[in-house]
Amino acid sequence: MSNEELKSELVALHPSLVFEEGGEWLNMVIEPSELIPFAEKIRSADHLFFDYLFCLTCVDWKTHLTMVYHFSSTKYRHTIVLKSKLDRNNPEIETLCRIWKTAEFHEREVFELFGVKFLHHPDLRNLILPDVWNGFPLRKDYEDAVNMIKL
Amino acid sequence: MFLKDYIKDVFGAVKSLLIGMRRTGYYFTHHKEIITQQYPDNRDTLVLPERFRGEVVMPHDEKNEHRCTGCTACELACPNGTIKVITKFDITPEGKKKKAIDKLVYHLELCTMCNLCIEACPSDAIKMAQNFEHSVFDRSQLTKVLNKPGSKIMDGVE
Amino acid sequence: MIEELATTQEGDLVINVGPQHPSTHGVLHLVITMNGETIKKVEPHLGYIHRSIEKMCESLSFRQFIYVTSRMDYLSSHINNHGCALCVEKGLQIEVPARAQVIRVLMDELTRIASHVLWWGALAMDVGALTPFFHAFREREAINDIMEETCGARLTMNYMAPGGVMFDIHPNFQKRVHAFIELFKSKIDEYDELVTDNVIFKARMQGIGMLSYEDAISYGCSGPTARGSGVKCDIRKLYPYEIYNKLQFEEIIETGCDSYARYLVRMKEMRQSLSIIEQLIDNIPEGEFLAKTKAVLKLPKGEFYSKVETARGEFGVYIVSEGGTTPYRIKFRSPGFSNLSALDHMARGQKIGDLVAMMGSLDLVIPDIDR
Amino acid sequence: MWSLSDITNSIQNALNRAFNPTFATLTEMVIVGICVIGLFAVLGLILVIMERKVSAYMQVRLGPNRVGPKGMLQSLADTLKLLLKEGLTPDGADKFLFNLAPVIAMIAAMLLLAPIAFAKNFQIWDINIGVLFISAVSSISVISILMAGWASNNKYSLLGAMRSGAQIVSYELSAGLSVLSVVILVGSLKLSDIVQSQENGWWIFKGHIPMIISFVIFLVAVTAETNRAPFDLAEAESELTAGFHTEYSGMKFALFFLAEYVNVFIVCGVGATLFLGGWMPLHIGNWHGFNHVMDFIPSSIWFFGKTFFLIFVIMWFRWTFPRLRIDQLLNLEWKYLLPISMFNILLVTLMAIMGWHF
């Protein structure tokens, strides 16, 4: 399915999507609160069938955090990029682990490195960092006098 | 039927094991296949390919001259801050001030041998050497000054 | 069954496998809850060699960051570099010369064989056969020598440059690769004799570590791990980069879903890689090996994602650029991290000896997981 | 001709002339004890270097080649290192049992040397239940392993020990049954009788296919009993780091190590005695010239040659095969080896009754 067709299909599914220009794949922004219903729809809809969540990450834009999800379909081979803007001071979003199990580890990684709280995550603990760790290393304003080497 | 499968199982298993034993037995009896290199003993005959990246060196000619102009291109290219170029101003015979290197400090302990500094150098002043035996007892010995004391820039290199 | 196993009861044995353990191939730390010898839960604790490469790359230029990625999946370092170079080239819209493309693919496939050979030896060692490990290193050494001659290093090759490769191939390259092809063709049959057909090995691998088609997709598995479960996911076929769409090779799919299927996928992939090398080695086109690029690379504002097939699976590079000389945010989608997440699911209800074989069949490289 | 039995006889005569019989016997015992300990040390050294060289050649390496000529003194240097190392006892370990376990492993291995016929008329104790004695004493070694695993206060050790318990107890059965097939044919448990019965041909040749089957089963079962790969589940390096001796270091570890190798020597010696004729030279039917030449080779060389051949085969197994899983190991015993050896023993009995063997 080409990006244009995909776009019309997705708009039909969820009219309030905001599309972004640029990139080889379709980029769209969704409200955090609408993530789960939308994700369930694109996972289960037969003509979309986004069953493969191959990249889940977060970007710190200094004013807000953006969750970035890359979905593709093993059946139709189309790919979309879903983004969701979060409040930087209290980032919270629903977990996707119930739909894509791979999200469990990736969300734990994002949780400790960016401080995003994933609601209803089964096991939201630090995966990479020690259990007692202050700050979120991948945020832009993170400073660590001990572990960061400035050249 | 069950008995037949059972016996077939046993024989197939024994056969696969014997094939494996034949292979190891072959190597046990054929010592020519041994590929061990006796490293410290064969140091004299050890030849490393000329592209092997062991450490950064600055070649000097017999007049103790090098080609480095002190442009800091290598310092900028380095991902790890391995190279520090300390410059000074020489007075040329005509009485002009000219920028030249005082020291080119190379931190071998930080170097990842990525070759970017050599690619970046506009005057081919530095190159990779094939030495790979870098172990020292004191870390400070890994910080090297690449230009030899008293060395000058070669004529004609700008 | 799975639910029943998930609950910890009194009398369960909690064992720390790692960070120093002979079969975790690095510093992976697994906390295993067991009932006798049966595993109830596997909980990975990561980060022992987390260097935060993603953060490091934010302060490096687009030329420099490529070489840091060699240190992630050190067994397919060249393919990691390839992924990064592709992403930069995508952003700058650099056309890579045909010669460079062929050299890149050749090196990729050599790296893949080297990685799979090492995996084969390590897996055999995990299930208790020590001899294959040394035999594997013998062939790996031949590849390393080729790499050393052309790229200048054996493990972290740093041969890739945005727009091509750093230097041209060594004059001996073709000759030595031909010699290697001859050598490897005979040795790979020995591998089958020694390990693949061995009845004990089969008993250890077959029916162990089941990962169904649906689960493989849901856990985001890729590479041989997913292909062992029947998922078509070879990036070289599905999203061809460089000259892969012009080559004749098969995507290996096994439907056994067990450790043995994953094993077979990798064994067959080695033969496929060998055939790719055979197709290319005499057909390296003449021409430039490096496209002309600016001294300072500046990616335009935007987001770029490129993916390559490493020896372990899909390696993705996601660059967010603000138009400067350094990436604003960079994310490496490493195959090992997703593959590891399926370990708990696979291991439940199996024996501890199987866990080791399963980890071997996943081909985990710890720096790839920790980054 | 100069032989080991002549040396022992002359020593005995000299002692009996010099002292009264009681004191002579005591002195003999001391000498034998010292000899056994010496044999132990020498065997340990030889077998370790042999294993390292065998593994090296199979793995296309050179193996140890620094200490002594061709590295032959490597194991001596290793022993020295182990002697000088500190023997650590982990915190929380049962100190008494922890220190006792390696000693028991050694004692069990030493006791087994008693009934073995090393050469013609050269045997420490020709006990009339020799075969039974060997199978009884060899099961003691499992106690030391269980003790070591339990006392170490380490979960890996415990798992290894428990595996070893299950393994040795079950493999004892098929080892016993295959030994029994020889006993049925000979009609005696005494090792000297068993050797004597093979004067005109070894049992493996005389006994048709059933004896070959029981020989193979014996070899597999003793490999498992001595915890050697592919049955080294008690150690299982890649799973349990080092199994029951994870926490041992220094000389205590060396004792376990030594006991393992001496056990291998003993089971191979028993195998050589039962199936390959012990110290009996190779005789073929009516080839009198050939038989005569074979008789010139000293009996001790025959015995050690056969034993070391079997040891080599067991090492060959170790460096070729992957390890089995614990349930597969028990399956192999209960579903394959035991039924086959039971059926085999029926055949052997039939053969013995009908006198079909040569």
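Lettered A, B, C and D in written order, each chain numbered from 1.
Quick note on the criterion: a residue touches a chain if its C-beta (ideal position, glycine included) is under 8 Å from a C-beta of that chain, and two chains touch if they have at least 3 such contacts.
Every value quoted in this text rests on a predicted model; they were computed, and no experiment measured them.
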Legend entry - Steps needed, at fewest, to go from chain A to chain D via touching chains: 2
Legend entry - Comparison of C-D and B-D (more C-beta pairs in contact): C-D
Legend entry - Euclidean distance of C-alpha centroids - chain B vs chain D, Å: 51
Legend entry - Separation of chain C from chain D, taking each centre as the mean of its C-alpha atoms, in whole Å: 45
Inset, instruction - Please work out the Cα centroid separation of chain A and chain B, and write it as a whole number of Å. - result: 41
Legend entry - Chain centre separation in whole Å, for chain C relative to chain B (CA means): 25
Inset, instruction - Give me the residues of chain D that touch two or more other chains. - result: 58-61, 319-321
Inset, instruction - Please list all residues of chain B that touch 2 or more other chains. - result: 17, 20, 23-24, 35
Legend entry - Of all residues in chain C, the ones touching two or more other chains: 131, 138, 194-195, 198, 200
Legend entry - Residues on chain C engaged by chain D in the complex (per definition of touch): 13, 15, 21-23, 37, 124-131, 133-135, 138, 194-195, 198, 200-201, 203-204, 351-356
Legend entry - chain B - residues contacting chain D, complex: 10, 17, 20-21, 23-25, 27-28, 31, 33-36, 38
Legend entry - Complex interface listing, chain C residues touching chain A: 44-47, 50, 52, 54-55, 215, 217-222, 231-233, 238, 302-305, 314, 316, 318, 320, 328-329, 331, 333, 337-338, 340-342, 345, 370
Inset, instruction - Flag every residue of chain B that touches chain C in the complex, lowest number first. - result: 12-13, 16-17, 19-20, 22-24, 35, 48-49, 51-53, 77-79, 112-116, 119, 128
Inset, instruction - Show which residues of chain C lie in contact with chain B when the two form their complex. - result: 60-61, 63-65, 67-68, 71, 131, 138, 141, 148-153, 156, 158, 161, 166-167, 170, 190, 193-195, 197-200
